[in-house]
Every structure is written in C-alpha cells, then in structure tokens.
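I'd like to ask you about the structure that follows.
Order of writing sets the labels: A, B, C and D. Residues in every chain begin at 1.
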Amino acid sequence: MLVIRPLQERDLDDLMTMAEAAGKGLTTLPADRELLQRKIDMAQASFNQRCEPEAGLFLFALEDTELNQCVGISGIQARVGLDEVFYNYRLSTTVNASRELGVHVQTPTLHLTNDMTDTTEICSLLLSGSHRQGGNGLLLSRCRFMFLDDFRRHFSEKVFAEMRGVSDAQGQSPLWDALGSRFFDIEFSEADYLTGIGSKSFIAELMPKYPIYLPLLPESAREVIGQVHDNTAPALRMLQAEGFNFNGLVDIFDGGPVVEAFIHNIRTVRESVNRHVLIRHKPLELDVPAEERVMVSNRSFRDFRVTTVPATCISPDTVSLPPEVAEVLEVESGDLVRLAPLKDGGPLPIHTAPGQSR
Amino acid sequence: MLVIRPLQERDLDDLMTMAEAAGKGLTTLPADRELLQRKIDMAQASFNQRCEPEAGLFLFALEDTELNQCVGISGIQARVGLDEVFYNYRLSTTVNASRELGVHVQTPTLHLTNDMTDTTEICSLLLSGSHRQGGNGLLLSRCRFMFLDDFRRHFSEKVFAEMRGVSDAQGQSPLWDALGSRFFDIEFSEADYLTGIGSKSFIAELMPKYPIYLPLLPESAREVIGQVHDNTAPALRMLQAEGFNFNGLVDIFDGGPVVEAFIHNIRTVRESVNRHVLIRHKPLELDVPAEERVMVSNRSFRDFRVTTVPATCISPDTVSLPPEVAEVLEVESGDLVRLAPLKDGGPLPIHTAPGQSR
Amino acid sequence: MWRVRPVQQGDLKDLIKLAGDHGSQVSSTLPKTEEALAARIDESVASFAGQRSPDHYPRFLFVLEDLGRGQVQGVAGIDARAGNGQPFYNYRMDALIHASHELGVSRRVDVLYPSHALTDRTLLGAFAIAPKLRGTEAFELLSRARLLFIARHREWFSERMVVEIQGIQTEDGKVPFWDSLGRHFFNMDFDTADRYSGMLSKTFIAELMPPNPIYVTLLSPQAQEALAQPHPMTKAVMALLQQEGFHAGHYVDIFDGGPVLEARTDTLKTLVTSDRKRLRLAETDGGERCLLAASEGGDFRCILATVSESLNDVLRAPPEVVQELQCESGCDVTVAPL
Amino acid sequence: MWRVRPVQQGDLKDLIKLAGDHGSQVSSTLPKTEEALAARIDESVASFAGQRSPDHYPRFLFVLEDLGRGQVQGVAGIDARAGNGQPFYNYRMDALIHASHELGVSRRVDVLYPSHALTDRTLLGAFAIAPKLRGTEAFELLSRARLLFIARHREWFSERMVVEIQGIQTEDGKVPFWDSLGRHFFNMDFDTADRYSGMLSKTFIAELMPPNPIYVTLLSPQAQEALAQPHPMTKAVMALLQQEGFHAGHYVDIFDGGPVLEARTDTLKTLVTSDRKRLRLAETDGGERCLLAASEGGDFRCILATVSESLNDVLRAPPEVVQELQCESGCDVTVAPL
C-alpha cells in the first residue's frame, strides 16, 4: 500500500538516493546530506509544533508499506520571505500613448517584487522513478491541499508554487544569460546551485531593482518568460487542473512561472467531503485503476496520513475501509475522514444532497 | 417574466430614469442622456459585430415583459486600455531587511500599473429599486458569465470588475484626500465625475508615477485601500462567491478593489451544463423561490437572452420549457440551451453522470 | 564679406536649401519641412521683436549672410529657455552600486535616468552651415555671434547654457542608440521621431519615453558604444564649443544618445573676453582680427573685422566696417577677439 | 593657548565627555559610545600613520587642545572619501513636472531621490566643541585647521568636498523628518539609527532605506518644513563653512533631512588664501593674526599666532609660536589669515 505520512528521521537514506537520482534542476532538494537532514528536522519540528507557525516546513513522505521505503516527497512552506527576502519579477504592462501622434505602445515589463512575502508555498515534489504511475504523483501533490484546507489557520489564504523555468541541455538559461549574468558574473548552474543551498536572496541583492523593459532583451530570453521546463510541464498541467493560475509572477533567474490559487478555489478542496469511517472486514479489491480511486485523509495534524481507496467504498454518510487501510491511516470506526477524487474528472459526485457543498 | 436581452434603442428613457435615481457614485453610468445614447449605440454595434471585437461594449438589459420596461442593466467591456491608458495601483509589498541589525520591515506599497490593459471588464451593473429581490441582481450579474464562456474568443482569459471604494456621506474619499488631491487640486466628487465622462486617463497623467509607500499616508487613507463602499459590499460578496478574488489591484482614486477571475474558474461557468429544449404545454408553476431556479440562456451572440426556470424542468438530457419561456428565449424544441444555478448552493447537481463536468 | 543677422521671412528658400543639403547625415535641431521652417522663422521674428507672450519663451534664429552674393549660407539658433516652457528631456547618465555585504561583492551599474533637469537653461541649437565653410572664419562667426547677442542681452538668458551635439549615425543612416532603445517605445524610426521633434510640441516625448531608468548593459553593444559619443562630422562644432568652455556632463540626447554640453553662461570665453566699446571711424592699418557686434534685438548685426583699440574704450575701424555693421561712428559695439 | 593636533588614544576620556556634553541636542557624526569612539581613534591614528589598507580610506580626527590645562575641548574630522569605500547615501532633492497636455495643467512635484552620488568626495564631519568656545577664535581654529591639513596633503583628498549639517530636532528630541520618513523603513527611533550610523558599517542604510523616490508632499508638514533646514545650533558652523565657500546644493541627510553643503576643494577660502612659507625665529611686534600649520601626517600641528611676513616667503614668528608648533626656525609652515 502507498501512504502519505510526515517525513521522518529514517527517511534520510531514501531521500538522498532520490535526490541523487534526480540530479540537477531540483533546486529545493539538492543531494546534500546535511541539508536534507536539516529539512527532516524542520519538518519534524513543524508537525510537532515546536517552531513558530510561520516557520513551518511541512514535508510529506510517500511510503511504500510493502518495501518499507520512502518513494516520494512533497512539501508546504508555511510562509516565505520572513527570514530571507523573497524576490520575484512581475510581468507587467507599461502603456505609453500619444494622442497627438496616434501612437499606443504596450511594453511588457518586469518589475521586481516581494509580493509573495508571507505567503504559503507548495514545494519540493519528488517521486522515485520506480513509482511514477497509477496516480502516485497526484496523490503526492494533492494530499497537500487536504492538509492546507484542514489547517487553514496555519497558512495564508493564497498559496503558490514556483515552476522550473526553461534551460537547455547544457543547463544554460536564456533569461539568465540575457539578464542576470549582466549583473552577476556567474553561470546559471552556479546561481541555481546557490539558490538551492539558500543563498538566493544574496544574489538577488545584486540584481537590477528598476523595471526591465522586455524589448531590450533578446527574443530568446523574452520567449521563455513565464514558460516551464519541458520536464515540469506535467506538474504545471496538474496544478492548472487544480485551479492554479499564472498571474504574472516569474522567477528572477530563469523566468519560470509562479502559479497561484486561493485555497478555497482549489479543486481538491472544493470537491472534498467528510465521511465517518466504517471498518468492514468483507474482502475488497483495493487495486482498482486510478480513475476509480479517491484519496482518504485522517485529518490529523501531527500524524497526517493519506491513502487511496476505490470510490465504491463511499456511501452517503460513511466510507467503508478494510482493516489494513484503517490501520495505515490510524483511524477507527466512527472517525471522520476526508475524501477527494484522485484524478481530474474522477469519481463524482461524492456530494450527495443538493446544497451540500462541503 | 424577467428576461435578459441586449440593450436597445428604446431603453434610453428607462436607463435615464434609473441613472437619475441612482445618483452619484455610479461612475460608469452617469445621468447624461447623450452619454447613455452613445452607450446604447456602442452596445448595438457590438452585438451586431459592426465594431472591432476589442472595442466591444456588451450591455444587457433586464426586461420586465409585463411592464415592457427595462429595469436593470449590466455590461461587459471586451477590452480596456486600448483607446485610453488604463491605470490601477497594485498593492504590493516592499521588504527591506538587515541581517546585521536583525531588522525585517515589510512596507505595503502602491505601484502604478497598466496591467489590466487588454483585459475584459464586467461593469455597469444597475438594478431598479423596484426589482431588487428574488435573485434579479444575481441574474443581471451572472448572465454575463454565460455569455463570456460561450463567446470566449472575443474576451481575455481573465476578467475583472472594479468595485466602488470607500467615500463618506459627503462624497469625500479618504484616499483621494490623502493622495490624489496632493497632486491634482480638485475634489474627489469632481475627479469621480470626470472619470464617468471618460477623462480618467487625463487625470491619471497627473498622478504620481513612483511607488507610494503606505506608511507615508494617514491611517484613514491606508485603511480604505482595497475596501468597498458599504453599498457595494453585496456585489462584492456575489463576485467572490463566483470565484472572483482580490489580487492587489485598486482604483487609483478611491482605492476600491479590483476583483479578478479566470473565466474557466468562474462558478457559473464551472457549474453550467447544456441541455436540449423540450417544449412542454403542461402547465408549470414558474413562480418558485430563487433558490429553486436555474438560469437558461439561448446561447445567441446577436440576441443573447437569459431567463430563469424552476430546477425541476431539468432532466438528464433535456430541459422542459413552457411555450411562453421558449418564446422570450427565442428557442424551439431541440435547440441547445445553457443552464446554471441562479443562487450559490442552488439546485445541484445538474451534472448527471460521473465524469461529466462540462 | 560675411555678416550674421536675425533671420527674415525672405530667407526661407535659402534655409530650405541648407536644411536639405545636409539631410539625415548632419541632422540638426533645425526643422526639415518648409512649413515647420516657416513657422520657426515667424517665431524668431516675433522673438527678436519682443512679441512673444509670457507662455512662449523667445527662440532666436540667426543667419550667416554672404554679403557679396546676398545669400544665406548658415543658420544658428538660441532658445532662451530649453523646452520653451515645457519639460526639456534628456537622459542623465549615472551609476548605481550593487553591493552584497555577505557575498563581499560590489559592482558598478550604469543607468540612464529620464531627466528634465536641463529645462529652462539657455539652449544653443539649430546650427547648419554650408559644408565648404566648415572650419573657416565664417564658421566661427556664425557660432560665436550668438554669444555676442547673449552678451548684449544678458538678462534675457539663463545662468547656464546647454548644447545638444548630434550622436552616432552609421553610413546607412541607422542610429544605434535609437534602434536599441527609443524605437521600442516610440514605435517609429529615427527619421520620423526626428521630424516630429522638429515639428511638434515635445509633449509626445513625455508621453512616449520610458518612465523608468534604463540599464546601459541591456542596450545593444553598438548603442553602448555610441552613448555620449558625438557624430564624427560634429568635430569642428565640438572643438569650437569646448574652446568656449562647454564641457560634456552627465546628460545625453534621448533620441541618438549624443552628448549634451554644458557651461555657465558668464564663464564662456566670448562673454569673458568681450568688451563694450565705442566705434570711431578711422583709417587703421593692422590691428586685431575680431568679432564685432552692434545694435539690439532685430537690428543685431555681427561681422568679422580687423580693428585697433585705443584708450577710453574706443575702437577704431575703417569705414567699410562701419558700413557692414550698418551703424555710425560713435555707436556702441561689442568686440571679442577671434 | 590652543593647538589642533591629531587625536591620540589618551584623548578618549576627554572625547567621551565632549560627546556626552552635547547629547542629542547637538548630535554630530562623532560616535557616542566609548567602544565606538575608541575604535574611531584607532582608525584615525592608523590613518595619520599611513597604515590604512587600500580598502579602507583614511579617516582623520583632530582635537582642539587647551595647552594650558592639557585638556581636549573640541574634535573635528575628515573622511578622505565619503562612504569610506562603501556607498555614501543622501537624498537628492529634485522636481518633476506633471503635465497634462489635454487638460492644460502643469504642476511641479518635489521628489527626494535616494542617491550615492556624493560617494568618494572628501567629507568634513565629527565636529564637536565645548559650548563656551562657540564663536571664538578657537572655534575657527578647530574648523579650519582641517583645511590646512588638506592644503598640506592635497593629493590625499578629492576634488570636491561635502559637509552634512545637522537638521531640525525639536526641544523634546524629536526629529520630524525621521519620524515622517526614515522611522517607517528602519523600524527604530532616531537615536538608535543615529547610534548605529556612528557604530556600524553603513550597509544597513543601503539595506533599509526606501529604494524608490519619495514625494515631498506626502511627508508630514513638520518634515516638509524641516527639509534642508539646519538645526539652529549649527548657525556658527554654517556661517563659517559658507565663508569658506561651501554652499547648500541638492542633497540632504537621509536621517534628519539636514542640508549637505558642497564645495570644490581648490576654491575653499582657506586653500586659496593659504601660503607655504619658511618660519624664521624673530621678535616681532604686531603683525597679522593667522592660522599656522606645520609638519606632516601624525605630527601635524595647527595654532593661532600673530606673525609678520617678510619678503622671500619667510614668516617671522616669536619663540613661543615656534615652541607651540613644536618645530624649529627654518621649518616649512602653511599660513592662512584668520
């Protein structure tokens, strides 16, 4: 069985293996043992509320209970920009018009902003190559929205994700080459690495503070602004299906888009319902296609757990769970669990009565 | 029966009556006969596609068929900022931090932007005092989203609405007094009037172009930024329920919020379905409470019409309409019409099969 | 024989020829169309006559006249106040320091700021001369006669003066600075912008120029090279102005990036070395080669002459000089050494 | 008898007293804590000894010593390069013109731009003197001795000089300019910011000051009034500096909005009127009251004396003057009239 649970001490080796296999480009999880250990410590402190709510870093592990191994990770950073300064460019429009001449020019412009300061970020998604099927990526990503909604007071109204921008096979970023490198004399790969180990705000201090008029940049740089790396396109589509939108914020180095959503607008949040657990000993075929499965969360903050069950388990008031599922979720009969479809256009409606939307 | 239809020549008198009754504060519809006539002409040109698609101003009348009178109006401006320059302030965050001193200061800042340039605006909502009940306001507002979705190629992906900001009983705006008036020596009411007759961009030329740091403004001005006038609060709540969000843009004069939504995220769009018309001569009680009614649109561009019918008219594949309703909608049996709930949490689901979301 | 005098309506034809002669290769701030030129002449005539309204600062045009052939061979102008009551835009070149304490890195970043700080200074401009006269005494006469006019009407002009020097243009007429910057915002080629600039009020510049500072490093290499560089053909003009005491400061033209020269009016060589004298008719032999100016306003005249000084602020000049100046013995003149 | 000489470690106690004496009423750029003062003295001693590294520009402190009582009664400083290798921040006051062609309206809008344009100019500062000495000869000696030091080491200093004049502070210690502007961004009161500014590297200013221009009209009326105004208690200092040729330009202090005075080093009165002479021991009666400076670097001395000039660049002085200067007959001195 595959289950989501808080990242733990014993996941370090598995995490290191995954980070090494992922290679460059995953700036939030570099293959650096000390750094990964620090992340695990922060995650533990966050789930156990031993740190300020704003400092929380909630990292979830996807555990394969048969292999007894962590095969994926995803995260929520409760607030960004409180320790360091968090920068983005905002792709904006400057209009200059002369009625006398009948000229009206729209100039796309990048403005440096700190607008995501104090906002919740979803981050650090990584899934082991061996498990990239059967909706595991969706589970890893969407479980976070159930957590966000159940514990809203710890998070901002709006959440965002930074998507990796365009770089070529050699790791060169067209935007960095045209813009960042003019102000800071290092290669993109190095800037990217420095970002990963937490030095991004230092570099940002050296970046231009006045607006950048895009017509002054070469076509190669202009066309990647707000575009994702090919490898990141599926993740972007998934977030878009959840209701995340590109609102003009991009990464200051590679121009990758920031996508945003208000928690109450997120599809998983909108389409989820609560049911009481009914433990059923009658055998059940758990192994149904992803299309027919729903996510079940135990709604626990300290020991948040999510797995998937066939949609057929759901009744108007209850959800029937086999004992082994109840055990990994750490729930008993009568507990209230939360359900949401795993896939877009998955089993719907699980709302039962007109008017009941939550 | 109340029906939505394109604004027409013969509505001028009714419009003038409504504008006069509304008084000040409705800047998009001042009680100026010539201006109203021009708006009707523009609306006619837009529906009949006699103008550039970007120049389209789609104005809808709410007609009381018994009184044979226009009792409300609402509109869509296909694109703003193409003739004149369209300004907003963006409420943004400036972060200054010194590690040496352990100081981290977030300064809310207004940045002048043209970011709504080329975006679709919903505007001009006005409902006669006599008809402010039974969901007529909802019909007048929400009918626009059915139009937007059915004719998306004429509009931008994102749409927005400017909400009236705070002013006191004397028509004084705290933000104007603290900011605008420092740069342009007129009263808010005059600025507001100039805005209504289309001189807003001239005034904007005189407004400060550099960012405004909010701590430099008095408390009275700071606290109204992004806030609506009491009279506008219900309209704001309605749009929020539709999925419109405040993303930081405000009016440069009174600080009223701009709320935005991507068309595909709008609730009316998400929750609407198409059905084939079945004309049914069996008598039907049309006069049910708003909660039990759904909107029906004829999906016509040139002669867009919407009215409401009881949810009970809907079957899995068809919608049954009495002949008089079919007549005002100008539809016949077999025509495809669009349905959407009138009220939040109204009759749902009208989706019938799992997986059918559109 | 050369004489500099205020422009007159009758000079239009000669001016058109002059303006056309140079074409885009040596653009000057002189308008290029007949209509605009005629308007500019009217403006100058009114200015010399003191008929300008308070909203409109005087704009003077002087012509270099070949007395023998009765033909105008050059033109030069003064705007009493740069911008003529509206903002006068330039870019101010400045540098920012981008520093990171933690990374121990500090970097100089060159920036162009939109500026109208030079508004209301006195502006020399509209200079054009027949190519064969470049570098001759007549060239110097045309350029410096304006300064003698200023010396004789000092109170009409500002404390500080500016001159815009034409920037780099390639053989094929391209303006690298414009192509890399202005073109994107004005949505027109250099010649069109240049034409509008001579023709229309400058409001369109305020409306269309980028409102925020420009990072020099983002301009094309050609534009960066051209920044603050004068067109090679302006060498003679530049040299003369530098001798006068003009120097390149922090400002450049927003169209072609050419340098804007600045000076304090009262420290200009011509103003410092010029003297007010009384002209006395006398046969002289030898003496010093000078610029000699007489009369006020629309009657102003300036010529080249060889004169000798005597005591008591008297200048002795032969009859032909007095005649060329259209004055009489005993009249008040301003003299400056060549 | 008064003498100005480089500060020494032994002066710390007197300096603390001096810094404390004035409190916030007459804040100067002199640090206020013992630790910071001691460090500043070390810096000065190293600077006079020429031991500063290339990254650290020299910062000199001079003291005014009462020779009779062996007590320090004043202090004054020179930073060879304002900012000491880091950006030196001020606000530049400028005006924008907001104009609408269609509405026929044009309006002047005053703006403060963050600027580090004054970086690397030579900065006079850290001036503090016992209140009873204000307006006396000793006051003038302390202020101008620095300029004679510059005259004797001209190559160590810049072309241009600046002095920050303390801005307006109310009776109860409030600083209206700070309260209306800086406080919001630095999140601390004026005294704290002032203390940091004397103690720490100025990096925090770059990190915390608002990055964008400030509209003057949005400041409190009190702050607008205080803008570019000197504290009443700085009158004597201002007057002396203005006599030297310093004038208020476009810059103000980012903390209290006080004016920044500017001058070209070589046009300062003390530099222009000073002469290098040879000192000759001689009984004199009468003569002229002068500033007299001798020696280089850490041995520099400056006193007030009545001396008489003779031909051949020789200055005749009585033995007590030679003794006060700690030099010998025949030594090279710089003299400037009082």
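Methods note: a residue touches a chain if its C-beta (ideal position, glycine included) is under 8 Å from a C-beta of that chain, and two chains touch if they have at least 3 such contacts.
This one's a predicted model, so the numbers in the text were calculated from it and none came from an experiment.
Placing every chain at the mean of its C-alpha atoms, the farthest one from chain B is found to be D.
The interface with the greater count of contacting C-beta pairs, when B-D is set against B-C, is B-D. We define each chain's centre as the mean of its Cα atoms; on that basis chain A and chain B are separated by 33 Å. Computed centre separation for the pair chain B/chain D is 63 angstrom, with centres defined by C-alpha atoms. Note on chain placement: the centre of chain C and the centre of chain D lie 42 Å apart, centres being C-alpha means.
Each chain gets a centre from the mean of its Cα atoms; for chain B and chain C, those two points are 56 Å apart.
Contact of a single residue of chain C with at least two other chains is seen at positions 99, 101-102, 201, 203, 207, 211.
Across the assembly, chain B contributes 94, 96-97, 100 as residues in contact with two or more other chains. Interface of chain D with chain A (complex): residues 101-102, 211. Listing the residues of chain C that touch chain A in their complex gives 98-100, 102-103, 105, 107, 109, 111, 180-181, 184-188, 196, 200-201, 203-204, 207-215, 217-219. If you check the complex, the residues on chain B that touch chain A are 81-82, 84-86, 92-97, 104, 106, 111, 113-115, 117-118, 243, 245, 247-248, 262, 265, 345-349, 351, 354-355, 357. Against chain D, the residues of chain A that register as touching in their complex are 99-100, 209. Residues of chain A that touch chain C in their complex: 94, 96-98, 100-101, 103, 105, 107, 109, 179, 182-184, 199, 202-203, 205-208, 210-213, 215-217.
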